[in-house]
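Below are the structure tokens for one structure; questions will follow.
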Amino acid sequence: MSILIDAETRLCTSGITGREGTFHSLRNRDYGTQVVAGVTPGKGGQDVEGIPVFNTFHDAVEKEGANTAMVFVPPRFAADSILEAEDAGIELIICITEGIPAHDELRVYNTLKKNGRARLIGPNCPGILSPGKASVGIIPAMFFGEGNVGVVSRSGTLTYQIGYVLAQSGFGNSSIVGIGGDPVPGTDFIDVLAMFQEDPETELIVMCGEIGGDAEERAAEFISASVTKPVIGYIAGFTAPPGKTMGHAGAIVSGSSGGAQAKADALQACGVTVGKTPTQVAEAAASLLRV
Amino acid sequence: MSILIDAETRLCTSGITGREGTFHSLRNRDYGTQVVAGVTPGKGGQDVEGIPVFNTFHDAVEKEGANTAMVFVPPRFAADSILEAEDAGIELIICITEGIPAHDELRVYNTLKKNGRARLIGPNCPGILSPGKASVGIIPAMFFGEGNVGVVSRSGTLTYQIGYVLAQSGFGNSSIVGIGGDPVPGTDFIDVLAMFQEDPETELIVMCGEIGGDAEERAAEFISASVTKPVIGYIAGFTAPPGKTMGHAGAIVSGSSGGAQAKADALQACGVTVGKTPTQVAEAAASLLRV
Amino acid sequence: MDLLEYQGKQLFARHDVPVPAGKPARDVEDAVAAADEVGYPCAIKAQVQIGGRGKLGGIKIANDRDEAQEHARAILGMDIRGLTVHELWIEGASQIASEYYASVVFDRSAKAPLVMLSTKGGMDIEQVADEDPDAIAHLHVDPLLGFQDFHGRRLAFEAGIDDDVVRPVAAMLAKLYEVFASEEATLVEVNPLIITPEREVRALDAKVTLDGNALYRHGQNALLRDLSAEDPQEVMAAERGLTYVKLDGDIGILANGAGLSMSTLDVVAEAGGTPANFLDAGGGSRADAITAAVEVILSDAKVKAVLFNIFGGITRCDEVARGLIEAFARIQPQVPFVVRLDGTNGEEGRQLLSEARLPGVHTEVTMDDAAAKVVELALGAGG
Amino acid sequence: MDLLEYQGKQLFARHDVPVPAGKPARDVEDAVAAADEVGYPCAIKAQVQIGGRGKLGGIKIANDRDEAQEHARAILGMDIRGLTVHELWIEGASQIASEYYASVVFDRSAKAPLVMLSTKGGMDIEQVADEDPDAIAHLHVDPLLGFQDFHGRRLAFEAGIDDDVVRPVAAMLAKLYEVFASEEATLVEVNPLIITPEREVRALDAKVTLDGNALYRHGQNALLRDLSAEDPQEVMAAERGLTYVKLDGDIGILANGAGLSMSTLDVVAEAGGTPANFLDAGGGSRADAITAAVEVILSDAKVKAVLFNIFGGITRCDEVARGLIEAFARIQPQVPFVVRLDGTNGEEGRQLLSEARLPGVHTEVTMDDAAAKVVELALGAGG
């Protein structure tokens, strides 16, 4: 088992004919993901190493049965591409694109929520990896093996780092989900925690947060109320000075809430083991799983 | 029993301090409706013959437990008033106002549908009368008595006319619902038909349509599939020439569909008895209820 | 409110929808001057609020000044399906490589705007819809979200328009939607939407219906109303807050509410009469509105008898009676009236009428009896 | 992108938000000319992207030309919480009957804009929120629907502002929301929003943050960026597509991705070091970005050692290695580097570095070891 993506995933990449779109679509296919289509307006009828390209998501759904979208187009086109995928009936949309205007994200989030048809992962996220089953996005899959640790993270490279440390400690993963660090993520920690809670393969959950917003605090409450599996938390940004933007639009410390210590405290208060470094996370995982 | 309004109704009138707003609020109260509040921005703290006036619907809900709104403000303020009522948690909003811009209606309809919290009746409708229980709107209640005929209509005065003929033939009403003749009614025939189907008191349903749109055709399909109670239909506009607007923005005959004959045919094909005049409707009701 | 072609194009131009340059004209002299300014060849186009004028000779190409004068003279004053041409639009003749059809309409069933695009432009689109429905690409737009780029692309690809104009045509659709939404139109139609040999996209026609209820928010559009192109009695009625539609018969009809008014026409027709008009005195008819209504009804010389059918809700029957008494005092009608008053303050109204003893005014209790009576009176008058 | 007060006010003026008339000035002479033009008394206001300047002497009232000169001279060049004043805004002094607070902010938790109004204007609003939260009326706006009239009325009534200004203040909130939505701001704050003795509503201050990601749609706003008011190293980094934040320590840090970059700072701090900066080389760091990053990091003279912590996803470690080699070729760094490369093409990257034998470059396998090593090197260099 895994969450969100697996052997049934039929992926369509928006922006497949771009450099990165091609590179990662082929990597995802090499990993074993069914990459059934790509979308580039005006290039319908072409193919990318055998992957058929369509003008619209609607065609990709109709002709190839695509059920998952990966959005790789530049930020000014990304909101439109997500909305098109949803309109075409795609149920899971993974948006890798970074730098989408915040008001676009607001509009997209609220439209998808209103319609209730599709789940968005990201934007500004590395994607999802369900080791041994499917990889959608840019997560370097070769470092991760099948296993029973579910990982959910706001950060891309930090996810790889933590997953890698876990792998070196002998842990594999059910799924690794990057939810992205943007102001309006399509999917929150809570959504993914609920999925891991339901997933029979997942025995331990690692949750990587960072400063800014209150997603970690809300996740802590949810864990306390609804998650019975052990959760290990990690928060990046202890060293960030207040009021400075650290790259992710999300990573802004405002007032007393949203700081790394406040988040770590909130998680610990809800029974989550919080590691101070990626290495501590792996150690905590080891000790919890061996109990 | 009745539908939509009854002794539990706690009405708040928007525009209560206007001439018509005052007149009809007091009439509704005289009929026995609990008229608990009014809203007129800037007149909070005043009262209209004992009915307290508030600045906002939120205050009316909080302080008087209003659960039903009647909107009586001029067309340019009506959309805002409906949206305010919904935002304040009112579950049933009856908009009497005529002449609301069509794009306002579109925005209001789609917002209410999105949020799923409130039902709108109207706009451009005469309101609802549940004889012996409550009256909200401008229906001249004195002509109607309690009984087992449910009436739903796109037209105001036509409703009174038909209800009156029925009353003279000895029939009383469970509820009389004017859904209004505007391009985007908040509530359709189908919604009200479903309520009458569920209402134990209603034994016969009279549905008054008119030319324009396809609401009657869709209602016919719904009746065929889901209504087991007898339904009598009436369609106004047989004499209307194609392409002319007959008062209601809705009453436009376009192409072959939307005409009175097409609607009457559609209803009859679904087992609905269609009267050609209000008198025929009453006669049909008499023969059906006496079976 | 239906706009004339040139008014629609001026609206389009405000939203950067490309249209041919042109000028309006109301007489031959202005038309020739406009043609000189626009240059030759140019199109001389009748401005009437009805389709199909091309086939009826309402659009002609002038290759020089003489032709411009000749065509303007021919078209001005001509009758197109009952409408007289008072105004022309003279625009540069466009070269056409392809003709498409594009529209945004208010779809009442879906409660959403519907956008359509077809390569079968320049034809009667209803005929296309009947004979080859797949030739029209269409989709609904979520009014809370608005028109998105993908809507335009999808329509363009599905309609099968030429590859090289997918982007500009999609962009044009976005602009037409903007006209629809921001001007609060209920219809925006371009037929044909043309592609020039230089592969430019252009709106060669414009059919725009604005929502009259929203005009207060669009002062510039409210000025576009062309009263001279409308029926004078309907204009008179509208000025007095009444909805009046002229019909072919001889029985003048006044009722309150659109539904009851239409029902009254039907009942009169069932009784063997022919209505002269539809007149909805509105929801809250007051005395002065009733007086005005009588004036409007009687301004039609064909009327031989008048039926008042009032069932009072907001309308109070005593006000209607007062209005009728006032109207009789002012204009002394020469035709018989049948009056049926019921509903709010019905008794007071009937009482007032009975006391006033107006000449030729009959009262009836039921709608059916009133209809029968007025038909009888009209036949008597006509016979 | 944070706007200066006067830029925010110019933006406001475009959306019909009433603001006092004024002029910007960059030197004393211009400031006096501006004051003459604006008239006396006028306010001479330091333009810096930080709050609380009033208490620190950054706003002064000039009653005549001499005072204008004196104040302009005093304020220009002064240091306000670490920022040097390069620019002034001179505006007519306003008479104040009441001071309110109004704002529209991007609420990440609710995923909706949050609008606030309070009668406790002119104060630190966070303090008001702590001490008297009921004094701030607030509500979320559905971004698909937008700000409605009732939102404004409700805020005005709930905040308890004076009855006679409910309508204009509500209208002002609608305009501020329009600024927020149409200019794609993430913050629009007015403190104080004043009522003059003539009962006019006016924005006396303007704090606007625009979404840098959306500037491409707002060409006019993109021009407002004031590079002179920003940290020169951060500007240099941003021009090269890097996110750089200067900190107080002596260990230069480069990582890829915001989360890993922050985590790297934390791990260095855990190891006893003090980071000199945050530098996120971005998701797809190429060789030239890495070269630029090294230049930015070393432009801070305090840096005694540099840590590269790269875990490759989109970023390919061989590109990072090439960038580092290129940087060394170009600028010959004088401080030691610790490099940790792992992830995509990690082996190729490490291989390239090992072959290049760059002076003073140490490679480590784990993030913890790399942090320990760079701390050791920095201490050694500093010791």
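Just so it is clear, A, B, C and D label the chains in written order, and each chain counts residues from 1 on its own.
The working rule: a residue touches a chain if its C-beta (ideal position, glycine included) is under 8 Å from a C-beta of that chain, and two chains touch if they have at least 3 such contacts.
These numbers were taken from a predicted model, which means no experiment stands behind them.
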If a chain touches chain B and chain D alike, it appears here: C
Farthest-lying chain, centroid of Cα atoms versus that of chain A: C
Pair joined by more contacting C-beta pairs (A-C or A-D): A-D
Centre distance in Å when chain C and chain D are each reduced to the mean of their C-alpha atoms: 55
Mean-CA-position distance for chain D and chain A (Å): 28
Gap in Å, rounded to a whole number, between the CA centres of chain B and chain A: 48
Set of chain A residues in contact with two or more other chains: 107, 111, 114
Multi-chain contact sites of chain C, meaning residues that touch two or more partners: 142, 144-145
Pairwise touch network: line, ring, star, complete, or other: other
Which pairs of chains touch, using the document's own definition: A-C, A-D, B-C, B-D, C-D
In the complex, chain D residues that touch chain A: 106, 108-109, 111-113, 126, 142-144, 181, 184, 186, 211, 213-214, 216-217, 243, 245, 247, 255-263, 265-270, 275, 278, 280, 283-284, 311-315, 342-344, 366-368
In the complex, chain D residues that touch chain C: 144-145
Contact set on chain A toward chain D in their complex: 20, 24, 75-76, 98-104, 106-107, 109-111, 114, 126, 138-140, 143, 153-161, 164, 181, 183-184, 208, 210-215, 218, 234, 236-241, 244-251, 255, 260, 276-279
Chain A-touching residues of chain C, taken from the complex the two chains share: 142, 144-145, 148-150, 153-154, 157, 163, 166-167
Chain C-touching residues of chain A, taken from the complex the two chains share: 41-42, 44, 55-59, 77, 80-81, 83-84, 87, 107, 111, 114
